[in-house]
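Below, chain A partners chain B and then partners chain C, in two separate complexes.
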Partner chain A sequence: MGAFETISFRPENCNGCNDCMIACAQAKAQSDDAARSRIQVLSSDGSYELAMCRQCGDPECVHNCPAAALSKDAESGVIDWDASKCVDCLLCTVGCSYGGMVYDVDAGHVAKCDLCDGDPACVKACPRGALKFLTTARIYNEVGNLEDLFVPGLAGCQGCNTELIIRHAMRRIGPEAVVATPPGCIPGMGTVGYNGLTGTKVPVFHPLLTNTASMLTGVRRYYKRIGRNVKVVALAGDGGTADVGFQSLSGAAERGEEMLFICVDNEGYMNTGMQRSGCTPYGAWTSTTPVGERGRGKTQDAKNLPLLMVMHHCAYVATASTGFMEDLYDKLDRAIEASEHGFAYLHVYSPCTTGWRFPSDQNIEVSRKAVRTNFVLLWEFDPQSGLRLTHAAEDPLPLAEYVMALGKYRHLSEEQIAHIEGTIAQNVKFVKGLAAGVPLAAAPA
Partner chain B sequence: MDQTHYLIVGASHAALSAVHAIRLHDAERDITVVTRDQSLPYSPTVLPYVVSGRSAPERVFLRNEDYFTRLNVKYRRGAAVRKVRPATASVQLDDGEEIGFSKLLLASGAAPALPPIPGLAGVRFHVLRTLNDAIALHSVLPKTKRALVLGGGLIGMHAAENLAKGGAQVTVVEIQPHVLSGYFDADASGIIEKVFATNGVRLLTSSQVTTLAGSGEGCRAMLSDGAELDADLLLVAAGVAPVTDFLDESGIEIDRGVLVDDWMHTSAENVWAAGDVAQARGFFEADKIINGILPDAVGQGRIAGMAMAGDAGAKPYAGGVPLNTYAFFGQQAMSVGVQESALDSSGVEVYRQVDAEAARYLKIVLQDSRLAGIFGINWAFDPGVMRELILRRIDLDAVKQPFLDAPQKIARVLMSRNWR
Partner chain C sequence: MNAIETAPAASMQLISGNHACALGAIAAGCRFFAGYPITPSSEIAERLSRGLPEVDGVFVQMEDEIASIAAVIGASMGGVKAMTATSGPGFSLKQENLGYAAGAEIPCVIVNVMRGGPSTGMPTRPAQGDIMQARWGSHGDYPIIALAPASVREIYTETIRAFDLSETLRTPVVLLYDQVIAQLTETVELGDAGARGRAAAAERKWASGPRESYRPYAVDEDGIPAMSRPGAGYRVHTTGLNHAEDGFPTQNPEAVARNLGRLLAKFERHRDLIDSWQALACEDAEVVIVSIGISARAAIRAVAMCRARGVRAGLFRPVTLWPFPQAALREATAGARAVLVPELNAGQLSLEVQRILGDRPVDAIHRYNGEPITPAEIAERASSLIDTTGAGSAKAPGVRRAR
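Up next, the complex of A and B:
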């Protein structure tokens, strides 16, 4: 049994407009009567509740059916209702404790949500994002059986996001690959091995901080010459990408070398004792931007590395986050494809439990908050289509929700927070401007 | 002697629910299901629809062979159990074969109870409990002109409706003052009775058949008021009783049904019981009751299966809440919980809205601001949600009036807040 798609409901986004119910009634009962909708939004004391079929994993309605008219589809997870077997006894309505199985008087039988064959009318009709069709299960179903190309027991810190990123990425990239991991957390947690054994199930090597992209250039060109299509992949930290590693990266991007360069950005040199990097944001505590009598964390803004890569006319550039896995996988797919004919750069934000000082079970939550506060913007770029935001920057959460979750910002003054807010606003404006701009393909070759 | 880890007697809802629960926890050990039927599993509840022809007999099976193969379950048809011997952890089948078990579930269900009417043994009559019963009734339907149904319970009323739809002239004889008295009060039953009368079914309530005699192909019934009634089809639907005869020498404690604790465990070691055969704690009453309804068979079967498999997630039985749904002549009646008459009177409040003309009825019974029962005819509410309100003893004090005004909506809001 795989994982299933589902409809999610965010009551805080709902205003009770009932568009979803009308859309459902129209799609399923050819009626404008919201009472016939299979999704029922109820208002109560200013908040909204939902009654609809949950497509339960172990559905009581199915157990309660005496006529074998209900069954859970093993492929889609939808609880199917077979009209030709149903005897209208209504015992299924006794089994359902979610108000999801209801007698439709006009139809003369029970009616329930069937997810519209994977394209729910209610979700499409929702103007405020209160209803969402979650297709994340697709990732599990598609990728769940692919081989994890790292050994179990890598020595990342508890709750390490970077380990998740590299495992997901390499599953998707597959075994026909050579991996370079310059100094940083990724080799540090054992991917290049201990005691003569490697922690990676594909060829992996440990370049200098300075020459990752150059070495991958040579590896790719060699395999091409002998007629083999081998993907070459950098799994590098932000230090190895933005600072010391930048000249070889910039050179390879400018030459259009065919590779996939993944920067795992934990905003500093976390492996060697949490020193600041060019990607460390303003105000952040690191061991080299301490907080004390005079110091109040880093005094400069981070450089925007992914935008720098856009200016290299790369075949593909994107930012991603493990808080938004579908988006991450979409971008991985495009980056892998682009790396077959040019330089692909993927910048994945990786909150660091140890270096940023937050509880190890909060990593994905922190990742989400970074995006929802616009601290991190998710977008992608290719020269043909230009830049496109993949997560709307409108209606961000207050910045405090993000910075207050992290120990490295605990000391921030109001002025510092205002500075960060200013930087975010500027960044949003700049990226939106790019998103609205002319595709770079129009520029002379 | 054949040996199996889990042995399950019976193959309807309680048994299937137990198999499912066991396999969720224990993918390995042997499961054997023995049933006296020759067919794949089916539900007694679907049988009235087989009688009417709405359900084809070959399409009512709850599981196919593939299901049992996939779950590594040995499904043995035509295997009626004659004796259960807890001391030697074995059962004996009708043909003398013995099967040893480590854990045994009794889910043998119920069988029609035959009323002690003089002459009954001498006339041809039908009952409706097995698929063969239903097929037999279906086959005589076309040539039935006058049908007599003994008993105005759910089975009798379902059958009466279908016989009437098939063109027969139908009379139902019910000993109680009203039909369906187990689930509805006089007002509600009155509405249902009126619909039956409108559709040409004759209901004789507070009435009894005193003697029966053969008459040509059919029978002649003498009624308690002295009237005589001829019928070419006699259906006895005067209730059911747990099938426990095979347990007579087992030493397992039996009252009306097999007595079980809150884990569905019987008085005998390694023997459980669930479904219509079991007598378990009632939700409202101190005594153990037989709550012979499909949803409870499913729930009890699950508890038994989990307990048998040692599933640590098992939760004890909350007690049987009577409930049912009843669709008749295109109308819907629902009954969840108990009538006020079943409660001791302290703190009981009853609210009712009756529109007999429109065949609409709603009654809500509260005790100490908690839902005890809700009964409706052609009135929309979610019985499954109401059942949870009862089981969770949700306090309705703060929302009482809104709940009485719009039970479906308020119950759904409470659902979202309490068990979303």
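Up next, the complex of A and C:
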């Protein structure tokens, strides 16, 4: 059995406006009466609860139905109700713990959510993002059975996000690949293998911090010359990409070398003891931007490396986050495709539980907050289409939700937070401007 | 017996070698550090990122190793005592700039904490494989000073001496120690050492006199040209090209030979300032162990172990590694029947010792697997070199590889 698409509910975003119920009633009962909706939002102690069909994997309603009017669709996962078989006994309503079977008094029979064929009206009507239609199940269905090219036995820190990035990236990249990973956490955690049993199940080499893209140039050029088509992939940290590795990266991008360069950005030299890098944001504590009487963390802003890569006219450039897996997978697909004919650059933000000082079970939450506060912008670029935001920058969460979750920002003063807010506003404005502008190249004839 | 000062009495501190280096730099008057993270030297940068702002100095983390030494050279040209710190891979990257500093005679201190090699090697394991690189790493002919401390306290005092020599003699100085000494934590008392260092601290010779006649690389008897900061009023040109006394590039064979010849001979008349070594129980020694860093620490114990079993062993430890204190080595080994060089590489110090001692027998323990050499191993080998029956002399000459 695969995974299925589903509707999620965030009670903290709900204000009980009933727009979802009215939209459902209109779509399913041609009525403006919220009582006829298949989705019911109920007020409870100042908060809200959702009553609707969860499209259970082992549905009580289906078991209870004596007339076989209810059945679970193996393809979509939706529990279908067949009016022609229903005997109106209401036994289905007895088994359901979620209030998913509604009795439509006007129609005189039960009614339930059918996910509107994958385009739910309630979700579209929700003005506050409390309802979301989650389609991430398709990732599981597509890649769940793919071989995991990253074997167990890695020595990453607990809750390491970088491990997650590489695991998913390698599933999509597949076994026909040569991977290079310069010094940093990625080889340090055992990606390159320790004893022939651990590590990555494709050829991995460990170049120097200065020259990952250059060595891969040699690999790709020669393999191409002998007629062998392999994916050539860099998995590098932000130091090996933005600082010491930038010269070789820039050269390879300018020459249009056919490779995929993935920068795993944990905003510093975490493997050597958490020193600052060119990607460390303003105000952050690191072991070389101390906090004390004289120091208040880093005094410069991070360099915007993905935008620098846009100006290299790469075949594809994108920013991504493990907090938004569907988006990450879409971008991986496009980046891999682009690397067949040019330089593809993927910048993936990777919160570091150890170096950023936050609990190891909160990595995905921190990743999401980074995006929802606009601290990190998700976008993609190719020369034909130009730049496109893939996560709306409107209505961000307050910045404090993000920075106060991280120990490395615990010392921030109001002035420092204002500085970061200003930088974010500037960045949003600039990227939006790029998104609204003309593409770099004319569309191919 | 323990002649390396490790535990003086008053106001003791428990610190690592790398922290001692950072504190020594500040005590020596270093007010500029530019560096890049690299194991096992990063603690120097981390400590100075806090320490230098406290004394109104400048700490900059650069984007790479090359940038770090280049910034240090730039700062020194501006007149400040400046330092960078790295390990093998970074030291390799810095070589071109090291040659620049040597050729243009820019004072600066480069710390190289040696780890396993070649290339990325073993970042958290000790080695002594950069001994020859410290002398010959950059291309062309140039002189260099390298100091090799063997304890946390000595890292402190030698860091201070590195600045003194660098400033006095207008030269880059390499401070060379291994990962064990770097991250070893020892109780040390720095007060006295600091005072001694400051008392000896020498300032750079600055240009004086009429501006019209100033020539940046003209010298008097001491062979050290007087320096001038750009913008101080004197005409200054600094270049990596071969230059004449006026500082401007030249290919005139006579001018090149004159200035480069002067540069190459620069240290000879200052050997009393430069040379530093420890000769421990060498007076009556029949076997002299020659070693640096953590290997020398093991050798101190080995000397005692040998003597306890009736083998008269001694230790010669060059504290100034380059230029090698060769007269002192000859003197210390004059009465010995055998010489043993334990070192963490495939044969570097032993080559220099053999060169100096000519056809005298020189044995060696060479190890490059990331493990230090133990006192027992050294004592065992040293004893084996001496025929304790009294019948014969030392075993066959020539460097022999142990494993």
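Simple rule for what comes next: the second predicted complex is superposed on the first by the 383 of 445 C-alpha atoms of A that agree within 3 Å, B and C clash if a C-alpha of one lies under 4 Å from a C-alpha of the other, contacts with A are read in each partner's own complex, and residues count from 1 in each chain.
The rule is simple: a residue touches a chain if its C-beta (ideal position, glycine included) is under 8 Å from a C-beta of that chain, and two chains touch if they have at least 3 such contacts.
No experiment lies behind these values; they were computed from the predicted model shown.
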{"item": "Partner chain in contact with A:78 - chain B first, chain C second, else both or neither", "value": "neither"}
{"item": "Chain B or chain C, by number of chain A residues touched", "value": "B"}
{"item": "First, second, both or neither for A:97, with chain B first and chain C second", "value": "first"}
{"item": "Touching partner for A:49 - first (chain B), second (chain C), both, neither", "value": "first"}
{"item": "Which of chain B and chain C A:116 touches, first, second, both or neither", "value": "neither"}
{"item": "Touched partner set for A:210, first chain B, second chain C, both or neither", "value": "second"}
{"item": "A:246 touches, of chain B and chain C: first, second, both or neither?", "value": "second"}
{"item": "Contacts of A:40 with chain B and chain C, given as first, second, both or neither", "value": "first"}
{"item": "Complex contacts: residues of chain A adjacent to chain B", "value": "40, 42, 44, 49-51, 58, 60, 63-64, 66-68, 84-85, 87-91, 93-99, 101-103, 105, 108"}
{"item": "Contacting residues of chain C [partner chain A, same complex]", "value": "36-39, 42-43, 45-46, 49-50, 53-54, 59, 61, 63-65, 89, 93, 119-120"}
{"item": "Complex interface listing, chain A residues touching chain C", "value": "183, 206, 208-210, 239, 243-244, 246, 269, 272-273, 275-276, 278, 287-290, 292, 294-295"}
{"item": "Chain A-facing residues of chain B, complex", "value": "13, 17, 20, 24, 43-46, 49, 54-55, 59-62, 294-295, 298, 323-325, 327, 330, 332, 334, 336, 380, 382-385, 387-388, 408-409, 411-413, 415-417, 419-420"}
